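Labels for the chains are A, B, C, D and E, by order of writing; each one numbers its residues from 1.
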Amino acid sequence: ATRIDFMFPSPVQGKLAKEMTTIVTEYNKSQSEVEVRGIFTGDYDTTKVKAEAAAKAGNPPALVIMMANLIPDLAINGFIAPIQTLARHANVDADTFLAEEFWPALRQNASFSGEAYGIPFHNSTPVMYYNKTMFNKMGIEPPTTWAEVVEAAKKIANPDQGRWGIMLPSVNTDYCGWILSSLVMANGGQYYNSKYPGEVYYTAPTTVGAMTFWRDLVFKHKVMPQGVLTPNTISSTFFAGQLGMAFLSTGALGHMRENSKDFELGVAFMPQKVTRGVLIGGASLVTFKGISEEQQKAAWKFMSYLTSPEVSGRWSRFTGYFAPRMKAYDLPEMKQYLTQHPDAKTALDQLKYAQPWYSTYETIAVRKAMENNMARLLNDPNLKPAEAARAAQNEADEILAPYVEKTALQLP
Amino acid sequence: MSSVRLNNVAKHFGAAKIIQNLSLAINDGEFIAVVGPSGSGKSTVLRLISGLEPVTEGTIQIGPRDVTTLHPKKRNVAMVFQNYALYPHMSVERNILFGMKIRKESREAQRKALSRVVEILHLEGLLKRKPRQLSGGQRQRVAMARAIVRRPELFLMDEPLSNLDAKLRNEVRLSIMELHRKLKTTTVYVTHDQVEAMTMADRIVVLRDGIIQQVGTPQELYQTPANLFVARFIGSPAMNIIDIACENGSLRLPNGLKVPTPAFVKPALNQARTVRMGIRPEHIILASEGQADDQGSGLVSLAGTLSTVEMLGSDIVLHTTGGSNGLRVRVANHGVPYASGDTTRLLLDLSKAHFFSAEGKERLC
Amino acid sequence: MLKRLHILLLAPSAALLFLFTYKPFFQAVIESMYDSRATSSGQFVGLANFVRLFDDPAFMAAVINNIIYVVFTVIPSLIIGLFFALLLKENSRANRWLRSIFFFPTLVPLVAAAALWSFIFLPGVGLLDHYLSVFIRSSHHNFLGQENTALTVLIIISIWKYSGYYMLFFLAGLQSIPDDALEAAHIEGASPWQGFYHVTLPLLRPTLTFVGTIALVYSFTQIDHIPAMTNGGPGHSTTVLLYYIQTITMESQDLGKAYAATLCTVVGLFFLTWLNNALLDSGVDYER
Amino acid sequence: MSGNHSAYNKMGTIICALIGAVWALPFVWMITASLRPDSGGADIASLIPQWPLSVGYFQDALIYADWGTLYRNTIIFSVGILSAQLFSITTAGYVFAFVPFRGRELVFRLFLVQLMLWPIVLMVPNMVTLKSLGLLDTLLGAMLPYMASAFGIFMVRQAFRSVPKEMIEAAQVEGANLLHIFILVLLPAIWPTLLAFSIVSLTTHWNEYLWPLMVLSDMDTHTLTIGLVSFTTSAESGAEWGLIAAGTLLVCLPITLTFVLFQKHFISSFGFTQYK
Amino acid sequence: MSSVRLNNVAKHFGAAKIIQNLSLAINDGEFIAVVGPSGSGKSTVLRLISGLEPVTEGTIQIGPRDVTTLHPKKRNVAMVFQNYALYPHMSVERNILFGMKIRKESREAQRKALSRVVEILHLEGLLKRKPRQLSGGQRQRVAMARAIVRRPELFLMDEPLSNLDAKLRNEVRLSIMELHRKLKTTTVYVTHDQVEAMTMADRIVVLRDGIIQQVGTPQELYQTPANLFVARFIGSPAMNIIDIACENGSLRLPNGLKVPTPAFVKPALNQARTVRMGIRPEHIILASEGQADDQGSGLVSLAGTLSTVEMLGSDIVLHTTGGSNGLRVRVANHGVPYASGDTTRLLLDLSKAHFFSAEGKERLC
């Protein structure tokens, strides 16, 4: 049998690592041509580091579940190979496979320069969780627009008693950027140039507007605490019944459901401004350069298995992510699941409005440029959103400069 | 200067009872020597007085104050440790002046005090050294200097001269006595050196297994030891001890010789069946030819053979066998050649003898 | 013959150090002069990486944060560790338990400690706010989320974690100090403080040098709680040097810059430990 | 110090007890939280255990990972490193403390460089080295870089230097060769130091995360912390405080238990007996 | 057992020349005592022989071997350190048996040897203790035990009994002598105790500032000290020294008294202008009434007043002023009461006197 290394992180909870191991073991048992070595690699970040380090040390993994917006970066840096290198062994066209089998919103994140570099594996979007009991008690309807959000939050918030109207995660672990770019989209804007990885629109009015909205929740409306908020803070406050609304990932659904004990949990679409806009998050399977032909063949086999509607659906039901493979939702188990858990459907329904995840050259650094300035903005009542945006843009431009020079500005 | 009182003091280390029910009153300005066998608790007594060791029972007073639970620094004593306890990281000079420095005494006073002790203890040229660069005796002198540079209420000295040569020891001893005469600082002085104890002390405390055996002036201890232990402990070479049976009016020596009980010891011995007689080596004379017994006045003669001849320089110690089995005799070294194997006759002066009860716990006369 | 034996004794350590420290270190030195970003295909750039480094405001922020972090973790935790050691050096049962309590934080991985402390400082519902609310008044402090308190929290955690650890070394060091010297000092009228200052402290200098160096090194390297709690934020307010380097290494391909930052940090740390040794180790009497 | 400072000592103990109470708070919370039936709710911060106690989180934690293997590997990893270190640091420490040779200080300083370089920076080159040795993905490989410890060498050297010279001299005169002196005189003399080092080394490597994660790919070579992280990461949701507490407890438990069981022996070798 | 030879040995500590050009031959089985003032280099000599200190110059032989550069462990010596140097972490028993253990001697042999030294040094009941739980004297005895438990080629003992009480010291001293008689192990013994030096040693080495002053039997040293230093150093209380002018045929004492030069000293003194005369305190007699001078045979009488009376127990030392200024006289304590202020007449026996050159470097007769 051909041995391949398959690295997977545990982005949500430990159960996942266990489940993934089961899936791998079952696969290994089910056939004898491929022997998959499942390697648990911690969180998304360490997964990237470990995969890169292994590649540099001469041990590239065949398949990795990688944060989806890192694909351009990995491709530019030459770590990963197009999916076609695997697919060709089965005479499949990877681009067609991607285009036909997966939700349209996911496709862009899986490709770079028009070529498929990843196959979506599990995905999420932000949604609005709210304390239904509290809303009912106060006679508030779940907001669907920004204005309603502010209004509802103001009714709920009572900082003296430690009760808050709304919380948005602002940690620089991608969460802040993810939510902000969703807001930017709702505000009708573009956060980055989805066609070219060397440009971000941090100073665009739509971005500044989203930032202002966020900032005002803290300093103007005083419905959100000052400073950076982690998902831990948000969920803990939420579970304690001290929070009206929270924008968090659909990936947290299971967790939110389980821990909302003293009240009823509500899940709703992200509120809109100009449009409904949410961002796709999640991870895709990528393959590293430098593995043998045999391994490529084996990798494709395993990848086909992992992304099959059955496994994809199973994984989705287990994790709360939505399944990227459209056909997964045609399976009877999946239909049954959705009727049982209507809130899981929210994520799926929202997919209609979903847009690709930002991804640029040096994605993380560029993202952090904004996130760190958001943190400043949420800390400093005197900082103007436009100034923060300007600073973020400058930092980002600096990081992008060498790439821009080599590509967009490199003229014949 | 202060008086010191130990009231029913006890000290236990875990299960070991090192000091038991010890009471002692030391007068203001007195010089007390503490002697006793190794391990008898002498150092412990000093450590109790200084406060380095908490007492298990009893109380301690220095002057009018009850210091039983007082921190050492508040007791204002100066101590020479048996193992010196110098500060390894300080030069000799800083070692000596540490206490004054802490008390923030003036530089001038420090300088003066330093030069005084340096002279007394011959520490010239050693001031800049670290303790580890000193010889044993030099270290001991630094320890001594550190104590006497100050003017405490109480000096506690634990064998402060044990590592010095005879000449230097003599000198330092005289200096300490001089100092004591001048300052009259109450002093408790532990020593193994009988000469020191005898010459320096106003009173001597004899300790054994943590129990005081006798307290008295040097003369008292030498002349009227309270029990056999003190008798044998004080004086060197040690007192000769002879078991004696009292038989109606006469004393029978182990070799069978019977002498009439001299009048002056009669009253004390008349109840006893057996007694133990002690006689100091210097109170036995080698009888010259013809010199006779005088049993009435207590002169008894014994025949013997010299077994060992110990030349001590100024003295000679003769060990005998035969009728006078095991007796030690001390004679001045006048150049007379003694040889082992010589036969001789020993004259014991019973008027100088000490009599103790059979178990040795009690002095009879 | 004896000489050879001694070389033999050093050989295993030296070999391992060579393999896993020096060799990679020299690689790092060399790499710091190459641009490793995808845009440059690895060309030699001389000191350009250093220039970029010093132009980076994040790096400068990291330097300043690191200085604050070092000063306010090293000094307090040394003092507290020594304080514990002195108070607990007698071997009573109560003292043994207290030593264990102070030492416990060492047993917990820093990441796990970070999780525990994240909870303590959780706004509103966390341990601190909870008890502040119970005993004083309703409280909601976003300690970790605010620029002016986040670093303080990290410093507190570090002190909590390492004071007991240093205590252990101080206890070990105190044991090799002859007691009698201290006794002599007390007899001579030194207060406990004076005895400590004039006798214990100087004799403890070898230990102090050691613990000082370790504490310095730790304050630079033991920062697992930063990624776990603040990710260097808010803004750059808790970005310290190693975290800065870590993020570059992990998140981008700009290794040249990361190595340049590493070299600068190592040089700085080297200087600090040298300073520490010079201050504490000079004139120490090792021989006793 | 002994003597009538028992009053001082008592006071010290009392002061320390007060501080100790604060110090212990995180643990107390960890234990109560891990035994709580759920980690939501307003009183999650309470230090008072909620009756009835629940071992639910421990059950969860136990399911999430193969603890047997994790414990075994962790023990091999940390004890193995410690054994090798004890050998290497005592020998090297000895040389640096007692054997004069030209350039000793320089070599020593060079050794210290290790203290200042952290694995993350040298990770890739070290993995390359391990790969070329064929040790990548083995426990031995993961242990190798730690087997020489500048920290330990430094510590042992410092401790050796404060051993009184006469003790060594006495042994020499008695005919002791190097090995005798080393094992019978020097090592016992620095016993507290070695113990301190051992505890520290053991816990450090017990708690090591990133490096094992990087070089150990096979599930059956994974160590505890990797397992712990597998169920305490929560990037996209929120923390399950009870689970985190239980997991942390499970990871620290063996070492904590050992420590508590042998507390008397460990910790008392850092103290002065009452009678001195 | 082995002979020991030191050939032109020198030892410098930095600039300090501690031992200079020292040569000494110690015979196989000999017992040598080394005496000298504090800091004179006695311990250093032992450390040089044991190899703990490398020599700066010269060579050292033990038996036939040149050991100058040999490691201590190969020299097979046993040493009692002045500061004990016990292993603090080992029990008394393990301290004592350490040397045997590393030689892998049988358990049986160890047990036997242990019980032997325990008895000699009275260490019963202390075997399980750690050194810090011992008294000073007990520690010293352990140090001693550690040395004599073995059978080395050479014993080096540095003031091994200084912290013991007189009685115990006497006992241990006799045991060591006994041991030496039995084993005939060459021994170098540093001591400050004259009694020890005089009674134990075959020969005594007198050291001063690292230079040997005299080597000889105890009798030789006592009776014919080679120079003034030795004369004053040996004997306690120290010898009286009187400066004397030689004037054609007669000697003039500092108080002006002129006595004809006795015949037996004439030849030695006839060149000298001034000499220094030494006379031991025990060679001065308190003249009884009517006892006359006999200047021809060298009996000179001086008048004096007692200034201090030192009671030493068995002896009394009298310090005088007046014509006999500063003379010390030792008399046996026969109960005669002396008081300071008494006038007296001293008889000096010139035949027992020693004459040294003016600078004291040389003995004249």
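Operating definition for what follows: contacts are C-beta pairs under 8 Å (C-beta built on N, C-alpha and C of every residue); 3 or more make two chains touch, one makes a residue touch a chain.
Nothing here was measured: the structure is a model prediction, and the numbers come from that model.
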item: Those chains which touch chain C and also touch chain A; value: D
item: Contact-richer chain pair [C-D vs B-C]; value: C-D
item: Taking each chain's C-alpha mean as its centre, the one farthest from chain B; value: A
item: Between chain E and chain C, distance of the C-alpha-averaged centres to the nearest whole Å; value: 60
item: Separation of mean Cα positions, chain E and chain B [Å, integer]; value: 21
item: Chain A and chain B, separation of their C-alpha mean positions in angstrom; value: 92
item: Chain A, residues touching no fewer than two other chains; value: 46, 49, 173, 232, 236, 240, 242
item: Shared interface positions of chain B, touching two or more other chains; value: 13, 51-52, 71-72, 83, 132
item: Contacts with 2+ other chains: residues of chain D; value: 2-3, 5, 8, 42, 44, 123, 164-165, 229, 232, 239, 241, 247, 275-276
item: Of all residues in chain A, those that touch chain C in their complex; value: 45-46, 48-49, 76-78, 159-162, 170-173, 225-230, 232-233, 236-237, 240, 242, 361-362, 364-365, 368, 371-373, 375-376, 378-380, 402-403, 405-406
item: Residues of chain C touching chain A in the complex; value: 37-40, 118, 122-126, 129, 133, 138-140, 142, 144-148, 230-236, 247, 249-254
item: Residue ranges of chain C in contact with chain D within the complex; value: 3, 5-6, 9-10, 12-17, 19-25, 27-28, 84, 86-92, 94-113, 115-120, 122, 125-127, 129-131, 160, 164-165, 168-169, 171-176, 179, 182-183, 186, 192, 195, 206-207, 209-210, 213-214, 217, 220-221, 224, 242, 245-246, 249-250, 258-259, 262, 266, 269-270, 273, 286-288
item: Chain D residues within the chain C interface of the complex; value: 1-3, 5, 8-9, 12-13, 15-17, 19-20, 23-27, 29-30, 33, 42-47, 87-89, 91-92, 94-95, 99, 101, 107, 110-118, 120-123, 125-126, 129, 144-145, 147-148, 150-151, 153-155, 158-159, 161-165, 178, 192-193, 195-196, 199-200, 203, 206-207, 209, 225, 228-229, 232, 239, 241, 244-245, 247-248, 251-252, 255-256, 259-260, 263-264, 267-268, 270-274, 276
item: List of chain B residues in touch with chain E within their complex; value: 13, 35-39, 41-44, 82-83, 133-138, 140-141, 158-159, 162-170, 192-195, 198-199, 218-219, 222, 232-238, 280-282, 310-315, 330, 332-333, 335, 352
